[in-house]
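Look for chain A in each of the two complexes below; its partner is chain B in the first and chain C in the second.
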Partner chain A sequence: MGTALERSLGIVLPLLVAFAIAAIVLLTIGENPVEILTLMATEAFGNVRRFAATLSASTPLLFTAVATAICFRSGVFNVGVDGAFVLGGLAAIFIAFTLPASIGVGIIPLAFIAAAVTGGLWLWLPGVLLAKYEADEVVSTLMLNFIAAGISGYLVNGPLLSPQSGNNVTPLIHETAELERLMPPSTLHAGFIIGLICIIAYWTWCRNTPSGFEGAVVGQNPRFARAVGISVPAVIILVMVLSGVIAGFGGASHGLGQMHRFSDGFSPGYGFTGMAVALLARNHPIGILFGAVLFGALASAGTTIQLFSNIPLDLVNIIQGTVMIFAVIEAARLMKNRRRQTHAV
Partner chain B sequence: MRLLQGVERPDGGEIFVDGVRVDFTNPGDALRHGIGMVHQEFMIAPDLSLLENLVLGEEPVKRSCGPLSWIDWPAARNQGQALAEQIGALIDWDQHAANAPVHILQFVEIIRLLRRGCRTLILDEPTAVLAPVQVDELFTLLRNLRTQGTALLFISHKIGEVTALADEVTVIRQGETVFHSSVAECTADEISRHIVNGELHDVANDEAPKPQSELLSIASLNTRSVNRSHTLHNISLTIGRGEILGIAGVSGNGQNELAECLVGLRPSSGLVKLNGIALSALNPSQRRRHGIAYISADRRHEGLSIQSSIETNVVAGSHRTSPIGHGGWLNRAAMRKIAQDRLQALDIKYDGPSDPVSSLSGGNQQKLVFAREIATAPQVLIASQPTRGVDLNGIAAIHQLIRDFRDSGGAVLLISEELDELIELSTRVAVIAEGTIVGTVNAPASNLPLIGRMMVQGAAV
Partner chain C sequence: MQFEHLIASAIMLTTPILLAAMGGLINRRAGIVNIGLEAKMLAGAFVAVIVSSATGSWIIACLAAALAGAAIGWLFSLSITRAGANMIVAGLGLNILVAGVLGFILSWVYRSSGTLRLPDVALLPKILPAGLEVVPLVGPSLAALDPLTLLAWMTVGLLPFVLASTRIGLWIRATGNASEMARSVGLQHLTIQDFTTACAGFFCGLAGAHLALVSLGLFNEGLTAGRGFIALAAFYFGRDRPVTTAFACLLFGALEAAQIRLQLEGLPPKLIGMLPYVMVLIALVVASIQAQRKAKA
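The block that comes next holds the complex of A and B.
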């Protein structure tokens, strides 16, 4: 697996290129790139508090990247993780403010189960459509994201609207249902630990279970998989449901640990950033961990760098955008293979 | 064919057009000299109308000013219609290409080449995709073309078509011209003899043990396929224990479909029984559990997962059975051990089990496929083109593996385009042509000419 791990560190090159471009931009506007980039690094990793903020920002990405990688690894181009994240989060928050607070911490596992079921069912649908009817999963999952946004938007403006609040938010969850903060005052919460567990579980599944093995074979060559007796439709549905479950966990973690209520804009594109992480990491768990932390660092450094310099947040956008271009190249490479395979069948 | 098209350069020899020596470096050159090719796969944009397809790439323009030019549609239609009438084709130019029947698309291809001034047309197995009625229409059209002075190079495996259409015939075998005659002066038998002639050297059929009880029986197997005319009609075969049944046939006559139906990769009707157990309703994995093993003709895409590791390739399919799959877990140590055992059993040389399988030679790749397939002690081996792309030593090893499998009481369905191989190994040979079994030959070694005739003349024998 040495080589796979090396490839998974493919995030290093994009990052170097991104920093080079950022440096050029800084030079042209007459700033000292070394100074600014050092400031950014300090803001992301400089001390325990800043590091905690970085990890906090990376938490949702751990889940969405794993959820994406599970599917991409099997050649299933699921781009619907964002929708499952949002609806999973909404389901968990709903449980966490409607059930009686007297249940205590027991609400937390119930909320996570609700989120997993919601996310799993949500992506089960495009999984079945792909496995049984060969409906293009890119289209179906992308569309489901809009539907998820629509459903959650309706619910938080209608039936689930908080009576104490103007618009767009649900009531706050019970305090007992909140995930514990690991390093107050930072927002880093126990969801980060759950995310790490998900990464380890994903790794174990890949390496040490027959269905994980089948997932890899289907991703490498579906025709071969079919010929040796692996049920390709069953694998497709399985990875879609697993992806939905992990995405749902992500939503629950974000809802119970970070937001404590659901509001419009619950996910500022975590699903898509997670996809970039999975692509750059080539689905490898270690790469996913690094990638998620790096994207988290950019996000947390970006928010504070505006305060301490006259560099606008857009610098971070430039860096993220450059890294994204590499992710898109990787995506295009996968898509090309995918097309070739569907034609070969 | 590719040389005439300018796709490949000749190593020697010359091409003359109208007595002038020409040198083609690309397909455009060939077109400029009036040589056009109708491919087996049509160059058609399915979303456009037939007229749009006709002029695609060479649109007649009204006002020539770069990207602002106007396409002169009436002119295009007139040109197309004139050519169509000239050769006797009825074409609805406004029809969507996706909805047009295959032979009409073929006509549009031909008219497109004529419009570009082609006087020599190369047709590569044009009838492979056509229904019999459409073939008749195509032939009428080709005869018209001939009377109008177009030279036709008609490539076909079917002797009946050649004798019906051509003036002269040339037999090419393994890149060499072995026979040339005018059609009027030779018979179909003579042509077919030349096609298989080279394979008539003495091949010893070692004494195969007499087949015992019937193991695999296939009764009236039928299948259809969407984009090929060669489906399977009413295939009935039986194979006994300790028997190798050879399937001979010209490439693309339903061999792959037959193998896929038996393995469960392609839906089919009819009855397939293994040891009296009906397999017809079972999926590939269930059929494997009943003892079917499969050597795919397409080693690079189906027989192997070419980018995956040697280990993955040699254990795939056994990953759920103990000791690899155990209690819901995958025992990677057991997996490695089994992979090594299987590779060692067949004496396959490799560096490391994690290396991609593409690092092995063709022969070793195919031996690896055998290692995987026979490791589970199957009863029936469906071996499709097992020695394709394998070096001589590898061929010998694979033949021995097939014999060993037979000697251990297994039944083998051996599909091959190599007659030598079929005759050397098979107890009996069944000949497939256009999706039907046209006959079964006992004692194949002494009946080679008969097999050859059945292969190329189909049921007409």
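The block that comes next holds the complex of A and C.
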């Protein structure tokens, strides 16, 4: 009973604090918080079209949150999902505008494979560095994010620059490579379904596969894992690569479904919002789904709120930052069994 | 002549990274990895511009920026030391939160998106007379020397002594290296950690003030442009030693200054910009392999 209570408290508390802070901010500027938050809720879920916009905004987060959760549940502190998302997206887009359009819809799976390979290899590196040399994964993945941004920024300003348009963009992908829109005119696209499949696959992996079980054991008690013959390095590399593959899928889905080309600012921090979602959800698949939709709702409602009532979109960042901090404050009690003491970083 | 100006701009660009890195270094010595340096720099820059415009005094502006950074750092520290938050996630969260708060104030109070221009912003003064410009090689650097740059390099000179030979330095190192021992001899190790995080915030606030007040006199949401992470890279690369870290900062500052010229030579700026991070990655791997060899031997 205690754990169930603690669990739900851990999810509710960060949200409560975040919305309380948002309410205080709104009160300070002389707005009625209840009114604004109700307006935001209607903007996000009020009718089918708006709900579709919310789901569309939540699509990249489904991927980045699952990618983060895969590592966090094994105690691997991977903060490099954003980089894998960006490079995976770039790889998919590259395939989708360079291969001949005559291949047709077949380009889509090829693009996803390219994204998965890119993302997987990208996070394989810090995985190996951690597993073999105990090189701190927080630092390596953090640095890799900046390196990914540098590489992609270089490519879209140089070799992959669109000849037709100005700076920072690749050519558009072939129309046949675009993921189908589910509810036009909304931008909700088939990537959302792929995201749902990733969540289900993650759930199945966690519950029904030996490697998923080993991942959980390594996260909860690495010494016990070693004692019963689980290869901790192999698990670390596996979860890193899986995380990269899912993040790559996310980039491919975002590229082929939403952006249709790569530009600087392809990911406005989806990897980090995904981290907030995974933390809030305590790595649980259902929680990830709801968390992603919640943050998607904040993003889509935030934009309209800014348009109609002049309340700055930054309110959404305030909420997200608060959720992240308070999610780990509560999580601290639950995640005491981290692979090693945090101050060893 | 050209080369002399390159040195001057390298030194100027090093200062904010150096200040932030010194703060982060003290913090890490006490056992806290501060990912939220960026947030405190940004807040420092914001406060510096507002206070400088309101008072017309760069000293008060710098002090206010430093105190704002220290206050944020202290609150951030409490979430880690007293509420047990994971320092990495809390740091990333802090960066998002502070950027959100500043952006909100910017567009709500100042009705501006992204940039804050205020009248009568007092810039950092030059310490030495402009006539020094004619001195060969270091002339432009001397003529451009500002108080915060001087302070940054004085910190580099003093910090090894403070850490090695003073009581507070010993406390900090004891807290970071052997927190059990520190606790058992009655040190308030959490308070010491809070103090160092406030220190990190103090230096980051100054770093932000330097960015805002050294030449432009305005605040921009992208003003820090990842320098908090470059600073982090610097003290990781310098293995928490002040002088080595300062050299890393100087190297990164020089890279930034050379970026424009290298760009003219045909080297892509994005790839140059990513060099510090690549260097840290390599340094991390080398250090880990060495540590492993040592453990095996």
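One rule holds in what follows: the second predicted complex is superposed on the first by the 317 of 345 C-alpha atoms of A that agree within 3 Å, B and C clash if a C-alpha of one lies under 4 Å from a C-alpha of the other, contacts with A are read in each partner's own complex, and residues count from 1 in each chain.
Methods note: contacts are C-beta pairs under 8 Å (C-beta built on N, C-alpha and C of every residue); 3 or more make two chains touch, one makes a residue touch a chain.
All values reported here derive from a predicted model rather than from experimental measurement.
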Touching partner for A:V48 - first (chain B), second (chain C), both, neither: neither
Chain B versus chain C as contact partner of A:R207, first or second or both or neither: first
Touching partner for A:V25 - first (chain B), second (chain C), both, neither: second
Per-residue touch tally on chain A - higher for chain B or for chain C: C
First, second, both or neither for A:I197, with chain B first and chain C second: neither
First, second, both or neither for A:G229, with chain B first and chain C second: first
Which of chain B and chain C A:M275 touches, first, second, both or neither: second
Partner chain(s) touched by A:S140 [first = chain B, second = chain C, both, neither]: second
Contacts of A:L129 with chain B and chain C, given as first, second, both or neither: second
Touching residues (chain side chain A, partner chain C) in the complex: 25, 29, 77, 79, 129, 133-136, 138-140, 142-144, 146-147, 149-151, 153-154, 157-158, 269, 272, 275-276, 279, 311-325, 327-329, 331-333, 335, 338, 342-343, 345
Chain C to chain A touching residues, read off their complex: 31-33, 35, 79, 83-90, 92-104, 106-108, 176, 179, 226, 229, 232-233, 236, 268, 270-271, 273-274, 277-278, 280-281, 284-285, 287-289, 291-292
Residues of chain A defined as touching chain B within the complex: 207-210, 212-214, 216-217, 220-221, 223-231, 344
Chain B - residues contacting chain A, complex: 263, 265, 283-285, 287-288, 294, 296, 298, 301-308, 312, 316-317, 319-320, 324-325, 328-330, 332, 372
